[in-house]
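Chain nomenclature is as follows: A, B and C, assigned in order of appearance, with residue numbering initiated at 1 for each chain independently.
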Amino acid sequence: MVSSAREEILGSIRRHLPASETFVASDEDHSLVQGESRDVGVKKDSESLIKLFAESLEAVDGHCVIVNSEEEVIAAVRRILNDLRATRLCPKRLAISDSDEIRYLVDSISPDLDEVAMTPSAAELFGFDVGLSSVQGAIAETGTLVLEADREQNRLISLVPPVHIAVLDAAKISCTLGETLEVLYRDGRVSPAITFISGPSRTADIELTLAIGVHGPQELYVVVKRA
Amino acid sequence: MLVSLFVTCLVDQLWSSVGVSTVEVLRRVGCEVQFDERQTCCSQPAFNTGYRDEARQVARRFIEIYESSKAEAIVTPSGSCAAMVHHLPELFSADERWQKRAHAIADKTYELSSFLVRVLKCEDVGASWSGRVTWHDACHGLRDLNIKTEPRKLISKVKGTEFVEMDNADSCCGFGGTFSVKYPEISVAILDQKIEAIERAKVDAVISGDASCLMQIGGRLSRKGSDVKVMHIAELLASQM
Amino acid sequence: MNHLSSETFDDNAKSALVDMQLRGALRNATSLFGKRRLAAAESLQNWEELRSKARSIKDDVLLHLDQYLEQFVATAESRGAKFHWARDAAEANQIICKLIADRGGKKVVKSKSMTTEETHLNVALEAAGMEVVETDLGEYIIQLADETPSHIIVPAIHKTKRQISELFTAELGIPPTDDVDKLTATARATLRDRFAQADVGISGVNFGIAETGTILIVENEGNIRLTTSLPRTHIAVMGIEKVLPRFSDVDVFLKLLPRSGTGQRLTTYQSFITGVKQHDAAEGPDELHVVMLDNGRSRMLAHPITRQSLACIRCGACLNACPVYQQIGGHAYGSVYPGPIGAVITPQLVGLKKTAQLPYASSLCGACREVCPVKIDIPQLLLHLRGEITEAAVNVRRSEHLAFRLWAMAMSRTWVYRLSAKAGGILQGLLVRNGKIGKLNKLGWLAPPLLAWTSGRDLRPIESKSFRERWQSELKQRD
């Protein structure tokens, strides 16, 4: 009888382990008690979370703009595009993800650009200058954006173009990584692809000199819209 | 208090003044010092090189010698030897009886500076020595036995001594027992970084709690024709200049 | 290019020590990483608690590895992932080559994976006629240079800007530059085409989560996200020890890994991939294949001392802290995994015969143990391996064992010890000048350790009066 590689490996594990007790999936509370970070005592009200998120994002070279309404989101995005016009990253083509949260932006910003396309194909995306998406959550203590692939097609839009503009609903900001994990694992299931983004892409592989903008975006803007 | 001195083979043969100083200091702070002349070695060289049977042979002798002592503590002027004694139970993990005996000995074995400060609660031993010094944290004493503040406290009370902290005082000097002769080039490369730090500190002497580190550091300083002295903490504490 | 072997470690090390450019690069990199790691650890009040927690999670996993693996595989399979099991490196490479060939694949993009370095996957892929490009910048650089990585986190740390510029000029035709942004932009532009055209993406796995069937991969550059989301087929290679029990366990490990590796709170991107997409139209690969690699890991479970080797999360902190690594770098070890962790797992993965020097290339200072986020007691492991090596009499000179037997005999009998010391004290007269033993040449062969010592250091001689003699004559009579 030919034993499969799987059986051989599992068999090897069992043979080499000391006789182990019956396995019981542990019910112990494994969540860490609050008090991990220097931000212990941070008030968890909305304004404190927004402030902490903004500080953390800026600390990883992201840009944060805080606004109060859809009109202000539009104005903020237009201002970002305008600022970029003066740089090498002069935006002409913008890809926007198909999300109810930001649909109002499609027509509002199109006059500023040569092309606004909704969720172009992967191959086409390489020709776009800006990716605009919403996000499914955020972590205040690290300035992290949380994306869930089955809720929005933002996986590639947030990655391929050299600029990513993310619109974040302030109500979705969690304080800690631990809390975020709890939110993500609900009803016994996680999304097929979850991505955490903390700032623009970077490397220090050449003489440990920091270079921003490697394979992922070079600029990350987050427009936080208060509830 | 009655203490039994474990002088270490290195000090016995190559650096007797460390042993003499240790006795003087212990007597000065009120201890009665016993020296069992049968003692030789704690077995560290064999243990560290992987010769466990040979290590056990020597370790059993060590344990037997000190079991016969009525002293409340075994004191040694070496962090690495004290750490080795604390590892003896591990060496006898397959022999419950010897392991128990090893534990009993390990539990009352102390490196000199930690004995003075933690057990006798003594920081001022009435020493005086004029000059500028820095301290090298020997690895085993530091990482196995947590000896860090004790020597610094003792040095701070020596009259006339100016203490300065050098860069990376807690970095290895490159000795590592047989490593120093199995890989001498690497050993000296590591050592040179320590020497650079010592030179930057502009001191008259480097102090440490391990004769092995001092041999390594002193050997290079001497080869380079440096005026910087190496001194064991026992010698500094015994000084009354 | 000739890749160094662990059998010639001492020669490798000697060559590294005379490479002043390498030593300067290592000094800068390791001290910078060390400072950043320390600052990052100190920013968390409960760093020690986290380390203990992580270690206890790993201990639980390793003691029940078969069960957690079965849970992981079952859950991931229910989400559409396909699993393949590789007993050794050759089998892993075979599986991967076949997966790609069966799909008519030819163009492969790869993200950094130490496990695939371990199996020498690229060699196998190229032999099978596939085009494979490393997309992590450091790995891309060494691929162009036909070298192996010299550090777990920064593979090209041994190369200067100038060397990289020369490499890019030779291989990519760009004009020489020492502008890091320009060099990075060149790599980005070249690799984007490769991403766009790739049939298959191959990645490693940092953690596999049993509870949800998720693979978690962390990075800063974005190449892992591209590798695992653009091509139609994603192959993930995972060591069997990388599994964690619960989704919530990620919290502890994401607090420890980035801080230990680079001093960052979090690396720029984390990708949590669970099975495959639910709808054809959605983004992402159509297929996910996970290759589970044993290659000697299951054997390490047998002994509590060796079992802890499998707790390693590949952060590289031990390399940066190690005084030996700091002087010689990674290539000298002649193995995929260098530094302290390399010195302990390489002999276990590859066997003692070719790697017997590695566990001895350490001063046992313990700095590695201090910085390890999962509290692996590397010095304990080194000593254990040294014991195994002498017992197996592998690569050990008979004269050394004999010397220690004689030593043990002398140390067990006080009179022999005293006599030997006296004899040494007399013989050394041949060597002592001006109160010390200086550089030896002719007579050094009598005692190789003496020759080795005195090549760089003077040696204190045996004193004419030992401590015990002074005890007798000066100290004993008092009180």
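Criterion: a contact is a pair of C-beta atoms (placed from the backbone, for glycine too) under 8 Å apart; a residue touches a chain by one contact, two chains touch by 3 or more.
None of these values were measured; they are calculated from a predicted model.
Visitor: Based on CA centres, what chain would you say lies at the far end from chain B?
Guide: Comparing chain centres, A lies farthest from chain B.
Visitor: Whose Cα centre is nearest the centre of all Cα atoms in view?
Guide: Chain closest to the assembly's C-alpha mean: C.
Visitor: Calculate how many whole Å lie between the centre of chain A and the centre of chain C, each centre taken as the average of the chain's C-alpha atoms.
Guide: Comparing mean C-alpha positions, chain C is 30 Å from chain A.
Visitor: Could you tell me the distance, in whole angstrom, between the mean C-alpha positions of chain A and chain B?
Guide: 54
Visitor: Which positions in chain A are in touch with at least two other chains?
Guide: There are none in chain A.
Visitor: Spell out the part of chain A that touches chain C in their complex, as residue ranges.
Guide: Contacts found on chain A: 4-6, 8-10, 12-18, 20, 23, 25-26, 30-32, 35-38, 40, 60, 122-123, 126, 142, 144, 149-150, 153, 155-156, 159-160, 177-178, 181-182, 184-185, 189-209, 211, 213-217.
Visitor: How about chain C: which of its residues touch chain A in the complex?
Guide: Within the complex, chain C contacts chain A at residues 25, 28-29, 32, 43-46, 50, 53, 57, 60, 63-67, 69-71, 79, 83-87, 91, 135-138, 141, 154-157, 159-161, 164, 180-181, 183-185, 187-188, 191-192, 195-196, 211-212, 214, 220-223, 225-226, 229-230, 240, 245-252, 254-255, 262, 265-278, 282-284, 292, 294, 298-302.
Visitor: Show me the residue ranges of chain B that touch chain C in the complex, using the header's touch definition.
Guide: The touching residues are 7, 9, 11-16, 18-20, 23, 27, 32-33, 35, 37-41, 43, 45-55, 57-58, 61, 139-140, 143-144, 171-172, 174-191, 193, 215-216, 218-220, 222-223.
Visitor: Please give the residue numbers of chain C that touch chain B in the complex, ascending.
Guide: Chain C residues touching chain B: 10, 13-14, 17, 23, 323-324, 326-328, 360-367, 369-370, 383, 385-391, 400-401, 404-405, 407-408, 410-412, 414, 417, 421, 424-425, 436, 438-439, 448-449, 452-453, 455-463, 465-472, 474-476, 478-479.
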